[in-house]
Amino acid sequence: MGWLGPAELEALRLSLRVSFWATLVTLPFGIFVAYALARWRFPGRQLLNGLVHLPLILPPVVTGYLLLLTFGVQGPLGRLLAEFGIVVAFRWTGAALAAGIMAFPLMVRAIRLSIEAVDPKLEQAGATLGASRPFVFATVTLPMILPGVIAGGILAFAKAMGEFGATITFVSNIPGQTQTLPSAVYAFLQVPGGESAATRLVVVSIVIAMGALLLSEYVGRRAAARVSGS
Amino acid sequence: MGWLGPAELEALRLSLRVSFWATLVTLPFGIFVAYALARWRFPGRQLLNGLVHLPLILPPVVTGYLLLLTFGVQGPLGRLLAEFGIVVAFRWTGAALAAGIMAFPLMVRAIRLSIEAVDPKLEQAGATLGASRPFVFATVTLPMILPGVIAGGILAFAKAMGEFGATITFVSNIPGQTQTLPSAVYAFLQVPGGESAATRLVVVSIVIAMGALLLSEYVGRRAAARVSGS
Amino acid sequence: TLAPLRAGAAEILVFAAASLKTALDEIAPAFEQETGHDVKVSFAASSVLARQIQLGAPADVYISANVNWMDVLEDEGLIQTASRVDLLGNRLVLIGGTEQPKIGQLEPGLALDQLLDGGYLAMALVDAVPAGIYGKAALQSLGLWQEVHMHVAQTDNVRAALALVATGSAPLGIVYRSDAQAEDRVHVVAEFSPDLHPPIIYPAAIVTSARPEAQAFLDHLQTKAAWVVFSKQGFALPGS
Amino acid sequence: MSLSIHLRHDLPDLRLDLSFDAPSGVTVLFGRSGSGKTTVVNAVAGLLRPQTGRVAIDGWELFDTQKNRWLPPHRRRLGYIFQEGRLFPHMTVRQNLYYGRWFAPKRARRENPDKVIEMLGIGHLLDRRPAGLSGGEKQRVAIGRALLASPRLILADEPLAALDDARKAEILPYFERLRDEVSVPILYVTHSAAEVARLATSVVALQDGKAVRHGPASEVMADPSIAPAGVRAVGAVLNVRVREHHADGLTELEAGGARLFLPRIPHQAGEGLRIRIPAQEVILSNKRPEGLSALNVLEGVVETIRAGEGPGAIVSVKTPAGPILARITRRSVAALGLEPGQTCFAVIKTVALAPQDVGGRLTAP
Amino acid sequence: MSLSIHLRHDLPDLRLDLSFDAPSGVTVLFGRSGSGKTTVVNAVAGLLRPQTGRVAIDGWELFDTQKNRWLPPHRRRLGYIFQEGRLFPHMTVRQNLYYGRWFAPKRARRENPDKVIEMLGIGHLLDRRPAGLSGGEKQRVAIGRALLASPRLILADEPLAALDDARKAEILPYFERLRDEVSVPILYVTHSAAEVARLATSVVALQDGKAVRHGPASEVMADPSIAPAGVRAVGAVLNVRVREHHADGLTELEAGGARLFLPRIPHQAGEGLRIRIPAQEVILSNKRPEGLSALNVLEGVVETIRAGEGPGAIVSVKTPAGPILARITRRSVAALGLEPGQTCFAVIKTVALAPQDVGGRLTAP
């Protein structure tokens, strides 16, 4: 990638790091929430469902602004986290937080659909053989929804790689700290003559996202083949 | 909604129209593409898969710009459509096109997951009873994936309600023609003191999207109950 | 990844309107070379940056594309009032595709709809984005707004308006001269006289909680060397 | 009508390689678990594409890999009763039943749905969905669905395994009727010797993917060496005619001049049918027995004595009613001094002729 | 060990209402398709929460709605063999088999996996996944999976329905062993009278959700009125002892001083076992028969004559070996002049005693 300048390489590296962690950290939550929405009936279920979808509905700028209000330097959660030594405001961790939240609805939807497709009769079979709920989940449900989890994860990763509105609003566009690929693209597009640099970056993100996509297809297909036994 | 001005009401109405048609028109394509990706092996399958995901990966502005190049007044497809009397540039139809394209990957992913969960053995059973592929699809596959189709549709609708970057780049913001809720929100957020007006609009979109979400949950649950027979 | 800072060197975080990217990307390294300080610039919409400063962003210098947001920060005591300067100005131009004939003078009674020929006039958001606000004011001064306002296609930033004209989607657009300059597919059809609209000003100031080194950078922006770069990008002196 | 099947297909653990022509009627595939029965049926249905082979119904080719001919499953006009039901979960029982009718050509012979529903005892389930049905109920619906599709070939993969005896006894005659009256060829997979004996026109015994034995039911079932059914399935099949129904609940049959009694059967006087007499139900005597509760005694001549597996032997006795097979111990053979040419008496209990051994009208194999 | 079940549960079309205490051993649920058998088993397993009821194994309560006690399924230590297999599709056969072992308490009695695998004939399938298995193979793996979970109660819902006779004959002894040696109580659903006769310690006959008959297997099976099995399932169960194996492949049994011959069985000389003699296999004679191929003739006294359904009657004959039931026609009853108190001879073919009617060591019901 000799044709990427150091600043651009830095943005690329940061984007990868942000997207990777955003996906990895949200995945367990995503699985948990998807399972709860698919299988449990509890008061506030619809509220949770709505909340999860919120980042999808809101204009990203609004999400970013809300994040700034809550997780910012002066926001209540931001201060709380700061007491534990965790600072997200204007850090790459904040970019990951924003990307994770924006990608969350996609991830949950994908995983939830595959959980709903698992025949509860198989889970029952696990239970009669002595496996408690968490065990049944780990040994029966989880392996069977793996294709969905992978699909959800890759969707989230791709979304995180492309996320921009909420990120720039929440953590700004600081090179080496919070300047992800899309933010860099944005900045280039704001000035005359920036198009070629922007195109370069866009191509890089496409290549990476497509690579991840192909990988996920392959892994997901293998997981699915294991389940269907062919 | 006495507290919405006439311009805002107009934006609301337009957003609903745009999202509704964006969802409705893309749904058949979404189902088709999802089916092809889930069940067929053909050269270029991964290319199609990548193409479908592109709007998710690209910064919305870039998508909007590409739309402008292809579907704009001077764009090749734009001119082609114009010969059939269809103009999308600077029209609400263009906003619907942009929203539909942005929402497409989400829709396809959701539907594809549910198609992959349908046991091909049931489709085989339909075939042995004399139903050709399209009939099997219409009578066996489609009813069984209905929860997934609904999920995909609502995801797309929600995304369309929130879409902004590609839309404004492609069809800009012409009051009554292409000014959707999110662009109105954006405009308010650009000026000092616009927060309260923006909040009003955001609340309206949340209410609508949540309503659609609840409805889809209900319909999807009924469809799922029919399939599981409980 | 960063070169070790010289003794007394500091890191300066600049929040700048995105339209200044090309210029600052050239000016900041020169300043770093000279002083040994490390300058980081975060480019985003003026509104976004202002809100972040309101909510505690660790910025040292804020350069806005309009005065409104700077006024807000000043009112809230978030910038050092004494440091505020009107750094740059700009000119508003009417652009068109290269086939558009040039017009000598923009005057009241100009048959703008004829020029548009059923097409749209591309502008930034006329009530939200500075270039749009100035453009609307200018058209109002010319008495053209009433007849043309139904044919305005508004975008979220000037660059998008430029793209509409560049791709031939809109026959005409109103943008800054600095934007029009680098795009081959458009040319300036006419310039708006500066007195048709409120002055276009890019104010700059030091944030209240800034490091002392920030002043050096703000000073540097006002040097001759910096001005050369700015003017090369098509910026004007404030109020010119 | 006839069914012609040639198949060769390699599965990871099994090489399927068989070839047989079956006459019209019911062809039973018979074999142990895992011998490849379902795989054969799937190939006929078009759900599996065999590496090489040809399947034709009465000359109408379903596929022929040599000619590169391949009819897709939905053009084959089959009624496939799957081993695992495969009901459509999103449809009611009624919708499941009527599914195939949409696609059946208008001119096709049509079963009367009400009759089928009544026969299967599923009238009260019509508005339910499959998920809540019991195992047997599901299987009955699956049978009905296949029958109502007006198929040209019925594929039945252990259709009665999940059913209780009483229900089996009710449904078996329906398959007979299909065989005898409507002449729909049926490829039928079963483990049950009684079902074989009663339904089969011809039997194909499968073992490890090969057809180890193939022939008319009466022949194959008279052969103790066919592994899957075992020696207990051996029996003679007689062509008989109903002579008279007696007041005490017995039906008198006439077979080549000899008389046979069995518990009342529904067939009309004068009607011809076939009955299976399991070899192990027959007792032989070297003089005419007296004072026995068994009503049926047939005089005949010993034809052959084959030592079977274990301590038994199969004795074939030529009687006026036809050849009768008796499975007795070798010790008895010695004790009675039986040898070919000798006269003896075959004793058959009236009640030992089970209803499932009594078939419908006989069609020549 | 004993199993105590009280259930009351309303389904849309069926009211389940039954209550029985079963002694240790195998309790067979017997009934027509749709009579509620699977529903009962599900309630015991905890997969269905009945409206009211109580189930206890040997005093250990699985649930009691009155006391609001409810053990979740995974705490019940069951081995449930489902009617439809329910193998885990993402695991190999081996992983399926060993699944329950992870959760079994360390101190629990453990089956030897190799033995179970061999017995079920699934050794060559261990690395395959369920999707490619044949119907019978799946069911065998499901049986193995349940057995290897070291359960305190085995629930078997028609476990053998998908298996061929030879395989059935191989697996049945295993259930017997479980019953006799390991004393795991078994709740067993079946349609097969032979399985009932062979396995059942006690039988519960279900009809429309009610237990219409309940008692020790020998009693229930001797009663022609129990609907589901039908009159063909009636038979006597004798306690016998193996006396000697003869060179010609016969085994000689001793029953109350009388001798019985049947084809060689694997049991050792001196071993006690029980055999079922189906009533319809027994011929009666009013004088000692001669020249017959049947080796077993028991002299006895007619005790009762019950007219059964149709043209038949069940004659109970008291012999030294125990009571023998014979199903003969009423016409024969008349012809032989049979009446209570009269001496008569029961003739039983050696080969009619099917292997599946010969059980393992007898445990008192």
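Labels A, B, C, D and E are assigned to the chains in the order they are written; within every chain, residues are numbered from 1.
FYI, contacts are C-beta pairs under 8 Å (C-beta built on N, C-alpha and C of every residue); 3 or more make two chains touch, one makes a residue touch a chain.
Since the model is a prediction, treat every value here as computed from it, not as a measurement.
**Q** For chain B and chain E, which third chains touch each of them?
**A** Neighbours common to chain B and chain E are A, D.
**Q** Highest contact-pair count belongs to which two chains?
**A** Max contact pairs: D-E.
**Q** Calculate how many whole Å lie between the centre of chain A and the centre of chain D, each centre taken as the average of the chain's C-alpha atoms.
**A** Here chain A and chain D have centroids separated by 60 Å.
**Q** Averaging only over C-alpha atoms, locate the centres of chain A and chain B and give their separation in whole Å.
**A** 20
**Q** Using mean CA coordinates as chain centres, what's the chain C-chain D distance in Å?
**A** 90
**Q** Could you state the distance in Å from the CA-based centre of chain A to that of chain C?
**A** Roughly 34 Å separates the two chain centres.
**Q** For chain C, give me the residues that contact two or more of the other chains.
**A** Correct list: empty.
**Q** Check each residue of chain E and list the ones that touch at least two other chains.
**A** In chain E, the residues touching two or more other chains are 84, 132.
**Q** Note the residues in chain A that touch 2 or more other chains, in rising order.
**A** In chain A, residues 61, 65, 186, 189 touch at least two other chains, as defined above.
**Q** What chain pairs are in touch here?
**A** The complete list of chain pairs in contact reads A-B, A-C, A-E, B-C, B-D, D-E.
**Q** Hey, which residues of chain A end up touching chain C in the complex?
**A** 10, 61, 65, 68-69, 72-75, 89-90, 168-169, 172-179, 183, 186-194
**Q** Along chain C, where are the residues that touch chain B in the complex?
**A** 45, 47, 50, 68-69, 71-72, 119-120, 122, 125, 127-129, 152-156, 160-161, 163-164, 167-169
**Q** Along chain B, where are the residues that touch chain D in the complex?
**A** 121-122, 124-133, 135-136, 139-140, 143-144, 226-230
**Q** Report the residues of chain D in contact with chain E in the complex, numbered from low to high.
**A** Touching chain E from chain D are residues 11-13, 31-34, 37-38, 83-84, 124, 128, 132-137, 140, 157-158, 161-167, 191, 193, 227-230, 232, 246, 248-250, 261, 263-264, 280-281, 283-287, 289-295, 310-312, 326-333, 335-336, 347, 349-352, 354.
**Q** Enumerate the contact residues on chain B facing chain A in the complex.
**A** 46, 49-50, 53-54, 56-62, 105-106, 109-110, 112-114, 116-117, 147-148, 151, 155, 158-159, 161-162, 164-165, 182, 185-186, 189, 198, 202, 205-206, 209-210, 213-214, 217, 224
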